[in-house]
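The following block contains the structure, expressed as structure tokens.
Should a chain be cited, it is by its letter among A, B, C, D, E and F, assigned in written order, with residues numbered from 1 in that chain.
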Amino acid sequence: MAKVVRTIQRAAADVIDGLGRCGVATVHEAQGRIGLLASRLRPIYPGARIAGSAVTISAPPGDNWMIHVAIEQLQGGDILVLAPTSPCEDGYFGDLLATSAMTRGCRGLVIDAGVRDVRDLTEMGFPVWSKAIYAQGTVKATLGSVNVPIVCAGAPIEAGDVIVADDDGVCVVRRADAASVLDKALTREAAEEGKRRRLAAGELGLDIYSMREKLAAMGLVYE
Amino acid sequence: MAKVVRTIQRAAADVIDGLGRCGVATVHEAQGRIGLLASRLRPIYPGARIAGSAVTISAPPGDNWMIHVAIEQLQGGDILVLAPTSPCEDGYFGDLLATSAMTRGCRGLVIDAGVRDVRDLTEMGFPVWSKAIYAQGTVKATLGSVNVPIVCAGAPIEAGDVIVADDDGVCVVRRADAASVLDKALTREAAEEGKRRRLAAGELGLDIYSMREKLAAMGLVYE
Amino acid sequence: MAKVVRTIQRAAADVIDGLGRCGVATVHEAQGRIGLLASRLRPIYPGARIAGSAVTISAPPGDNWMIHVAIEQLQGGDILVLAPTSPCEDGYFGDLLATSAMTRGCRGLVIDAGVRDVRDLTEMGFPVWSKAIYAQGTVKATLGSVNVPIVCAGAPIEAGDVIVADDDGVCVVRRADAASVLDKALTREAAEEGKRRRLAAGELGLDIYSMREKLAAMGLVYE
Amino acid sequence: MAKVVRTIQRAAADVIDGLGRCGVATVHEAQGRIGLLASRLRPIYPGARIAGSAVTISAPPGDNWMIHVAIEQLQGGDILVLAPTSPCEDGYFGDLLATSAMTRGCRGLVIDAGVRDVRDLTEMGFPVWSKAIYAQGTVKATLGSVNVPIVCAGAPIEAGDVIVADDDGVCVVRRADAASVLDKALTREAAEEGKRRRLAAGELGLDIYSMREKLAAMGLVYE
Amino acid sequence: MAKVVRTIQRAAADVIDGLGRCGVATVHEAQGRIGLLASRLRPIYPGARIAGSAVTISAPPGDNWMIHVAIEQLQGGDILVLAPTSPCEDGYFGDLLATSAMTRGCRGLVIDAGVRDVRDLTEMGFPVWSKAIYAQGTVKATLGSVNVPIVCAGAPIEAGDVIVADDDGVCVVRRADAASVLDKALTREAAEEGKRRRLAAGELGLDIYSMREKLAAMGLVYE
Amino acid sequence: MAKVVRTIQRAAADVIDGLGRCGVATVHEAQGRIGLLASRLRPIYPGARIAGSAVTISAPPGDNWMIHVAIEQLQGGDILVLAPTSPCEDGYFGDLLATSAMTRGCRGLVIDAGVRDVRDLTEMGFPVWSKAIYAQGTVKATLGSVNVPIVCAGAPIEAGDVIVADDDGVCVVRRADAASVLDKALTREAAEEGKRRRLAAGELGLDIYSMREKLAAMGLVYE
């Protein structure tokens, strides 16, 4: 059952990068409020904002062997995404693995478990979104799989899906939907820009979105 | 039952600002160790330190409609305080709402739920204390109330109460008590300054506070 | 039963400092993956990296009296380590106690409870690893003990044991093992340095650690 | 600041008992979905269903002294309601205190902390809703207050308010609203009985509540 | 985007019932340790053991409208499975909905949120596995979907998949795999029966599974 | 480093059984409020009340191999006590292992992780105190140790220490202290019996413990 899928499809690089510039909140809205990973995944340092293609890892609790296997499958622009097969907060990943992943152009790690060496990772500029920071070591004793479908922090992810991650958390976009989601995200950004200008000028959302009538109709009372 | 109270009393501006300079820990002590919100509320970036008058919001889970309503009620120096009617971590608030709130002089948001666009909010210098950072969107389908009494993160808060928030968390001071609490806080600060100097000079708390006798009387043994 | 042990053994200063330079993850690995405190202990600001001798405190919930007692027992290079006798997140420690502890050369605090005044502590450069940041005050009504064996965040700690703490968390090294653990940590660091260079040059862990055969033998399939 | 209010108003006994028969879910709905305590409060055994007048206790963490004080204030039909001044799971209450409380006609305990001797309490038929079951003992060293307003598990409660508790959790009804809430609850029960019969006969909520048109209008698509 | 899929495929009734008799732990092992829902889902009363076809519900936080829609889609032997679109513990379901669901032969509810009226549900013998018991009511204001793929408590579930639930929790079996998983489960049960008899007779697992050599080879030392 | 200690000292059988009859709360008080395991350990069914000698297990996350090893070390009256080396909720133990353990006279399991087959275990009358109920399987790939000192749910435990467990949780008594703790527990029980009778007769704790003067002296005010 343990397997490594070597050939995966990826979205177009410019689409991926475009999604990264839009950021998690916008992309999540643009695709209809789906694809968000649970809020327990937090960045190990503020300010990182990445997008890339998912190289997925299904790993046993406390066993990081498959990360070594996955790194060989990385291409430039990829993001490692690890889901343990049962809840775990061990530190699967540290500066040595990051050093290796960076040589292959890896943009970051999303892991529903723990990470360690975060000071080194911060200095190296290798961003990680994790459930925990924990120095607890792992073993290399049991197989898992690479580039199979996983559920990471509540979101189903397939290899090659686009991962977007920033200070707001992590979102996944189906590879096949990436271009259309980017279109919607850019449209949304443009619309937001107009609204932002009006709001900054002091107009109220109540007026811009014509909410007053509906609020009154539903029974909101001003005292 | 859904209503907006338009006229609220506020404490004097200099009292509010004075409480803000004292900070959460001092104010909390000065008023007898009451009024603290639960520790799950954390600032989205370090270093912010604010005080202001509460404009309260009671909102349904996953529904941020009432924030638009509340923003119209803001005056310069106010702080939005939102309590969901059941536990929720959705991202009720982002950069557009912050843009609007800032035009009315709002000093920040305290929310026992989630927030998003935290990178933008950080750049804008709009501080938020929240239970979660989560890009999950909300709807505008159900009414809530503005400027009614709420319980936020365990603390009862009325509109116009003074909110003090910094890296230690969030504290509420009853509007009617604000001036006397400020007096006590300043007295406490002055007393602490004297103690700080003595402690910095190497004196021990055991001696400054005359603890040795009481410890011995209660049976503390030195080996 | 409440007692203060005044005379404790400490490890050699250069050994302690050497362990501090190695950091938590390396030390934890070097001593066979034991001694880690639970991941709920987090630093109040990033970048601190300390090692020192534990002055242990067993304190009742919500009562910080024994910290005053413990400070008198501090020597230069020590670290305060507090375990409440039942789970508690109150703010046992703030800037006044830090001022006092620093005059005695204390390097930091590890506490399985809360801390407050974190802005001041950050400015003072006094690092704390805690379970919570919470302004809730404590009383001085019930005795505890100082320099007795405690269990802090899941790890047994004796007075004089070496505490290592950084952005990855906190680890304890038995005093008697400190020198040999440092040896192993340095050996490990040297070995890692070689691996880091090979990994940075693009070699794969799969090859450096000769994993391919074992993976195949265990049944890993490449598709 | 520590005080005991000896004279409190209570709701009429038949109103209280009527609310108890309606149960938490019905009462909570009848009063407009307010007054619910957080779901972390769970009964120590299934099947208990009580209502009574709140005798409130504000107690320090790990200190159960005020329960002794509160028991003297109990009248037949009362319920003890304890909120610690900071989060705590210590076992404040056991079989001795229950024995004492029962002699005064106390119907149960609601506590946002821990309880112990649950086997004895179960055999005695003394119901408790608590955050934890934990044998950890408490001290009697610091004052608190009795029959002052508290916030327990997120809900503001005043002495004499009506507490309703069953397998669904705990709800508070303002004393002044008790009679009218009971009216609404009974009306609701009657209406539910009719709906229950129609539903049991196989009619669908979609038809009983005329939902089909609104669902279609909002865009629900059947495939 | 909100839709109801009316036609779904179901596994054969005898296969479903067979899986139910095997129970969660055996089925989970038989299919290679996949498909388990998170341990936060617990039964509202002990002893229930069911299997059925999933009728899936994706619902907004605090909005149970889609349950009414889903009930119309139920056939005898089905199980309702609800995942909120963001974390929520509100009580989506009570005795009225259970009354309705039971008329259509529904065997139970699996919900990654809250439930209420648990005393009534227990008396009715309608089993529920939920994240919380909470009387908090919900609204009917926003659409969701029925019989679309969902992720419930970390497990991807499609309409018509087989749900197995007992005191150990909840497991999902892909509809297409149900028959073969049942075969494996029965084989496993038979094998376990033999082992159980040998173990009950006092033989050790160390000998039955021939572990002694491998343990020694890996370095286990007996002192 | 992985080892099995085959010879351990046990307390006298009548002392162990006496402690079991006293129960967790009494024993915990009798030995000075130490030795309690964290409240996250809960019994899988109500009413069990056991005491026995600890056979300790230190096991890797998700790996139950060492339980097989430990069972061989069991003697009649022993209790298995397992602490994972990092936090884990996998189901380490089920009905087959219980069958084996029972043949050797094992009285129960205390585990800071998960357990499964709880319906079978309940029917077999094999009590377990665990952090989780979770069907997730484990592997047999990595060594641990048996009868070494462990920290389980926050409490340090050595092989041969006396474990007492009931509906209130779990407590450990040092083997060497067992007889004297039993003495104190029996004394305490006798004293409690007298107090229970006086309390049942309607006397108040305020009077029995002469609290009124001290409360007044500390400033408690009756209104």
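Definition applied: a residue touches a chain if its C-beta (ideal position, glycine included) is under 8 Å from a C-beta of that chain, and two chains touch if they have at least 3 such contacts.
What you are looking at is a predicted structure, and each value in this text was computed from that prediction instead of being measured.
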| item | value |
| --- | --- |
| Neighbouring chains shared between subunit B and subunit E, ordered by label | A, D |
| Common touching chains of subunit F and subunit D | C, E |
| Between the pairs D-E and A-E, the one where more C-beta pairs touch | D-E |
| Repeated interface matching B-E, over half of the contact pairs identical, chosen among C-D, D-F or C-F | C-D |
| Subunit A and subunit D, separation of their C-alpha mean positions in angstrom | 42 |
| Whole-Å gap between the CA centroids of subunit B and subunit C | 31 |
| Rounded Å distance between subunit A and subunit F, as computed from the means of their C-alpha atoms | 42 |
| Per-residue overlap in subunit C, given as positions that touch at least 2 other chains | 33, 39, 85, 87, 89, 134, 136 |
| Chain-level touch network, classified as line, ring, star, complete or other | other |
| Pairs of chains, among all present, that meet the touch criterion | A-B, A-C, A-E, A-F, B-C, B-D, B-E, C-D, C-F, D-E, D-F, E-F |
| Sites on subunit E touched by subunit A in the complex | 1, 32-34, 36, 38-39, 85, 87, 151, 154-156 |
| Subunit A-touching residues of subunit C, taken from the complex the two chains share | 23-25, 28-29, 33, 36, 39, 42, 46-47, 49, 166-169, 171, 192, 195-196, 199-202, 204-206, 209, 211, 215, 218-223 |
| Residues of subunit C defined as touching subunit B within the complex | 2-6, 45, 65, 68-69, 71-72, 89, 91, 94-97, 99-100, 103-104, 114, 116-119, 122, 132-137, 140, 143 |
| In the complex, subunit F residues that touch subunit A | 60-63, 85-90, 134, 136, 139, 141-142 |
